[in-house]
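Each structure below is given as structure tokens.
Okay, so chain A shows up in both of these, paired with chain B first and chain C after.
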Partner chain A sequence: MAGDAIVAEELTYRYDELVAVDHISFKVAEGEILGFLGPNGAGKSTTVKVLTGQLQPREGKVTVLGIDITRDPEKVQAQIGVCFEITNLYEKMSAEENLKLFARLFGVSDFDAGALLERVGLAGRERDRVEEYSKGMKQRLMVARALVNRPSILFLDEPTDGLDPASAENIRKVILEERERGATVFLTTHDMMEADKLSDRVGFINQGKIVALDTPHNLKQQYGKRALRAQIAGPDGGLESREIIMDQPETVEAVQELFGQEQVVTIHSEEASLEDIFIDITGRGLTE
Partner chain B sequence: MSWPIIRALVTKDLRLFFRNRFFAYISVAGIAFYIGIYFFMPSSVDEALDIGLYAPVLPPVFEQVQGEGLLIETVDSIEILEEGVTEGLYLAGIVLPPDIMEKLAAGNKVTVDVYFASDTPQELKDAVTNLIQELAYLQSGQILAVDISEEIIGPDMLGRQIPPRNRILPFFAVFIILTETLGLSSLISEEIENRTAQALLITPMTVKGLFLAKGVTGVSLAFSQALLFMIATGGLNQQPLIILVTLLLASLLVTGIGFLLGSAGKDLMSVMAWGLPAMIVLAVPAFGVMFPGTVSDWVKVIPSYYLVDTVHLSANFGLGWGDVWQNLLILVGFDIAFFGLGIIALRRKLT
Partner chain C sequence: MSLRRVGILLGKEFRHGSKSFIFIIAIIMPLVLSLVLSLVFGNLFSEKPRLGVSDEGNSQVTSLITESDSIVGREYDTPEKLRKAVEDGALDMGIVLPPNFDSLAEQGQMTEITAYVWGESLAKDRLVLGTTIANMIRDVAGQEVPVEIVTTSLGDDESIPWDDRILPIIVLLAIVFGGIMVPATSLVDEKQKRTLSALAITPASLMEIFVSKGLVGVVISIFMGVLVLVLNQAFGSQPLLLVGMLALGAVMASTFGIMLGAFIKDITSLFAINKAIGILYYAPAFVYLFPGIPQWVGRIFPTYYIVQPVVEISQQGGTWSDVAPEAFILIGLILVMIGIVGILAKRTAQREALA
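Our next item is the complex of A and B:
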């Protein structure tokens, strides 16, 4: 059985009077992808900063790869990769130079920049200066930089934010490949579909507190409503919609009545999205 | 902190420094310019005072003093004399009356007219006046009843007047080092504003390592360029070890100042806005060497004074450790103060 890559216990961080992260506790297993979801200002980025040793927790304890992050941050940082939300590359250097610099800082001797750039779809542009790259290319290079040291844990902060669909899909593919390699992935995102698709578990954070943490399936089971949505032919030749809530005592009777008495044109099962569940739990949307 | 990490960061910084066209240009072109100006400046000292003289009757004493630091040129008319003073050919123009010899012999008072250009310093006016009085005494056979005993305080520079090119040497050396303050602070401020420092600090690179790497970059840039200039101009011909130590201490000083400016600035423009006034203040002591008498004692509160003074004394007069150790000690004190302040400011900004 896999051990825990990240353990946070009663983790708290304050910016002066503002409590950004409020006594949160969670574990992330080795090889797991945890989607960490929440609106702007919910505490996602602060949590990542504490987990990666950029900020010292005011209260609580964080263990990453079995190491107390407050005691030996350098040892942890040697084994993790971080992709920041805001692009912070050396723009006057080429993609290859950027990656080689970080390989040297991590002490990676057998580093192959070309292969890594090919993985993120930047083959052929290795020697171009980053200032000549598009936003999507820079974002892909950010992900590549986070992989330079073959990290045991990958922290990705909004890695596909603002990317075109092809670039976003490329990054998702890389994330899944990293999980296959055995890396743990801590993924913060606004994109519910992405979180649903990639994450083994998702955690919802709101106003500094974790309000839900489970697999997407379990969250949907627990909080979402399942329904059948049908389109039937109306008396005037038009289409009418009908919705039947599932898992209710009267569900079977309602389905029988639908097919017995109406002319069903289309019928779909419908389940709640993670966004619906987030709104249901917190009363606010993810983009607020 | 491992050296391969420091080396990687220093290499990166030097690469970025020379990819910044502005700094690459002012570094390379600056050194070439300073070296060019140095060799263009006169390499010998003209110690003679050119004085014009109109004298219908020339007293013999004026012929006797010719060549003893005085170049006295007689002219045919007062008009020519006035023109010569106005055009700067003569420091002063002396007009002797036709009856000077008779009046001196009779013990009567003689009036001598002296012309000066409007911008002649008062010290020179006084010197010429005293010279004429002394010559008059000599001519009349009266010796001043004063014995003058000379005692030199500090190193005796008699006969060691330095040519203009050597006088400008410390100024250029200081200016080259000061210019690198802007380069380093620009690298630091960009690292902070572009958040690349944040990316560096999530690797095995520590804040301490980052300071060390930036320090090595700053000192390398400043020291190597000043050294190159000194070698090219022969500035290391006398007391090379003292000059090398002084340049190293100066490089440390500007690196500390670079840390301060880097933490205050946001980009190249704001670094320039903070850095140029600082550079001007730090360059003031060098003007004191170039133009003696133009600055007062207050200049000693400026750290670069001790750099300029030491380079001047050692490179131009060959003075040794015994004469400059106090300067070097004060320079070390300023290094510690500015480096400490720079690190505190930068640490606050980074964390």
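Our next item is the complex of A and C:
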């Protein structure tokens, strides 16, 4: 059984009076992808900064790869890869130079920049200055940079935010490859579809607190409602919508009644999305 | 602190930081000022008269010529080579000394020596060389001239040549501008572009990053300081001590540059602050520029302790005992500033993460 790559206990961070992260506790298993979801300002990036040793927690304890992050952040940082939300590459250098610089700092001796750039779809552009890259290319290079030391944990802060579908898909592919390799992935995003697709578990954070944490399936089971949505022919020849909530005592009767008494034009089942669940739990949307 | 990582970061600074505007200015500005100073006051291009000698015997005059400080003396194997050098303008004058020249001179016998003169040589140089040759031959012949020249300075005997007065400001410019501005702009630039956060998440500590940037400033400072002194022929008789004092000054300037860089958020603010306090960096130079200003005024400013030892060694022949007090004050200032940088490093790490 896999151990825990990250353990946060009562983790708290305050910016002066504002509590950004409020006594949150969670564990991330080795080799797991944890999607950390929440609207802007919910505390996602602050949590990442504490977990990666950039900020010192005001309260609580964080253990990463069995190391207390407050005691030995450098030791942790040598084994993790971080892809920041905001692009922070050396724009006057080429992609290859950027990666080689970081590989040397991490002490990676057998580093192959070409192979890594090929993985993120930047083969053939390795010698171009980064300032000539598009946003999608820069973001893919940011992900590549986070991988130079073959990290045990990969922290990705909104890695596909604002990207074209092809770039976003490329990054998702790399995330899954890293999980295959055995890396743990801590993915913050407000893209529910992405989180649903990639994550083994998702955690919802709102106003600094974790309000739900489970597999997408269990969350849908627990909080979502399944329904049948039908369109029936109306008396005036138009179409009317009907919704039947499933898993209720009266569901079977309602379905029989629908087919017995109405002329059903279309019918399909509907499953709650993570966004629906988030709104249900917090009363606010992810893009707020 | 890992020296390997500092080395990697230092390499990055030199490869990529050397293309920055400030880096280029730090090198060009002192050079341009030195050249202007040299042209105006005639240090760089006012060459000494050049005298060549081809000795067919083994005359002491040859060694007197080659060892002379007041002329440039060169020895040639054959009279033909000597003649060719004069014809090409490599020498202002060339003389061929016959065999047994010294004994003939000592005996007071009339001896003929061949002298070649370059047609385009300056009249004053020909005069200086003619007199110098005559004096050297008199020395060898043992004929002491029964004359003692007593000199009397006229005008303001306190006056200091203008090139000596201006040199301190150029030295300060070379050391202080490169030392402060190169590390400060590099650090602020990394903060603005957020690459500092990316570096800080690697095993490289913020102190290692600061040290690598500071070292770039130190290297530029020392290099420019030495170059300016060489260009102005002001290296003095204690070159190692001079380089040592330049190095201390460079370390102080660079540490201050890192302090500024760690404290200031953006390039615009850095330039604004530098403009506001820049006069303080160069203030001690005014004490040398205008000798009427009391020396204690200069002592108020930390950069005085950079420039004073340099002036003392290069212009006044100072030794370690003369400059030791300034050296210890410099070391004290550096230690205080390193302490402040240590505190700022922790603050900067948090501020960067919060940005």
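Simple rule for what comes next: the second predicted complex is superposed on the first by the 287 of 288 C-alpha atoms of A that agree within 3 Å, B and C clash if a C-alpha of one lies under 4 Å from a C-alpha of the other, contacts with A are read in each partner's own complex, and residues count from 1 in each chain.
As a convention for this text, a residue touches a chain if its C-beta (ideal position, glycine included) is under 8 Å from a C-beta of that chain, and two chains touch if they have at least 3 such contacts.
Note that the structure is a prediction, hence the values are computed from the model and not measured.
With chain A as the common reference for superposition, the partners chain B and chain C occupy clashing space.
Of the two partner chains, chain C is the only one that A:15 touches; chain B does not reach it.
In the superposition on chain A, A:52 makes contact with both chain B and chain C.
In the superposition on chain A, A:106 makes contact with both chain B and chain C.
Legend: residue contacts after superposition of the two complexes on their common chain; A:90 is shown touching both chain B and chain C.
Contacts of A:170 after superposition: neither chain B nor chain C is touched. Using the contact criterion defined above for the overlaid structures, shared-chain residue A:74 touches chain B and also reaches chain C.
Among the listed stretches 21-29, 75-83 or 129-137 of chain C, only 21-29 clashes with chain B once the two complexes are superposed.
Chain A residues in contact with chain B (one complex) as well as with chain C (other complex) are 52-54, 74, 77-78, 80, 82, 84, 86, 88-93, 101-102, 104-107, 145. Residues 15, 49, 52-56, 74, 77-78, 80, 82, 84, 86-93, 101-102, 104-107, 145 of chain A are the ones touching chain C in the complex.
Here chain A touches chain B in the complex through residues 52-54, 74, 77-78, 80, 82, 84, 86, 88-93, 97, 101-102, 104-107, 145, 149, going by the rule given at the top. Residue ranges of chain B in contact with chain A, taken from their complex: 2, 4-5, 8-9, 12, 15-16, 19-20, 194-196, 198-206. Chain C makes touch with chain A in their complex at residues 4-5, 8-9, 12, 16, 19, 193-195, 197-205, 349-350, 352-354.
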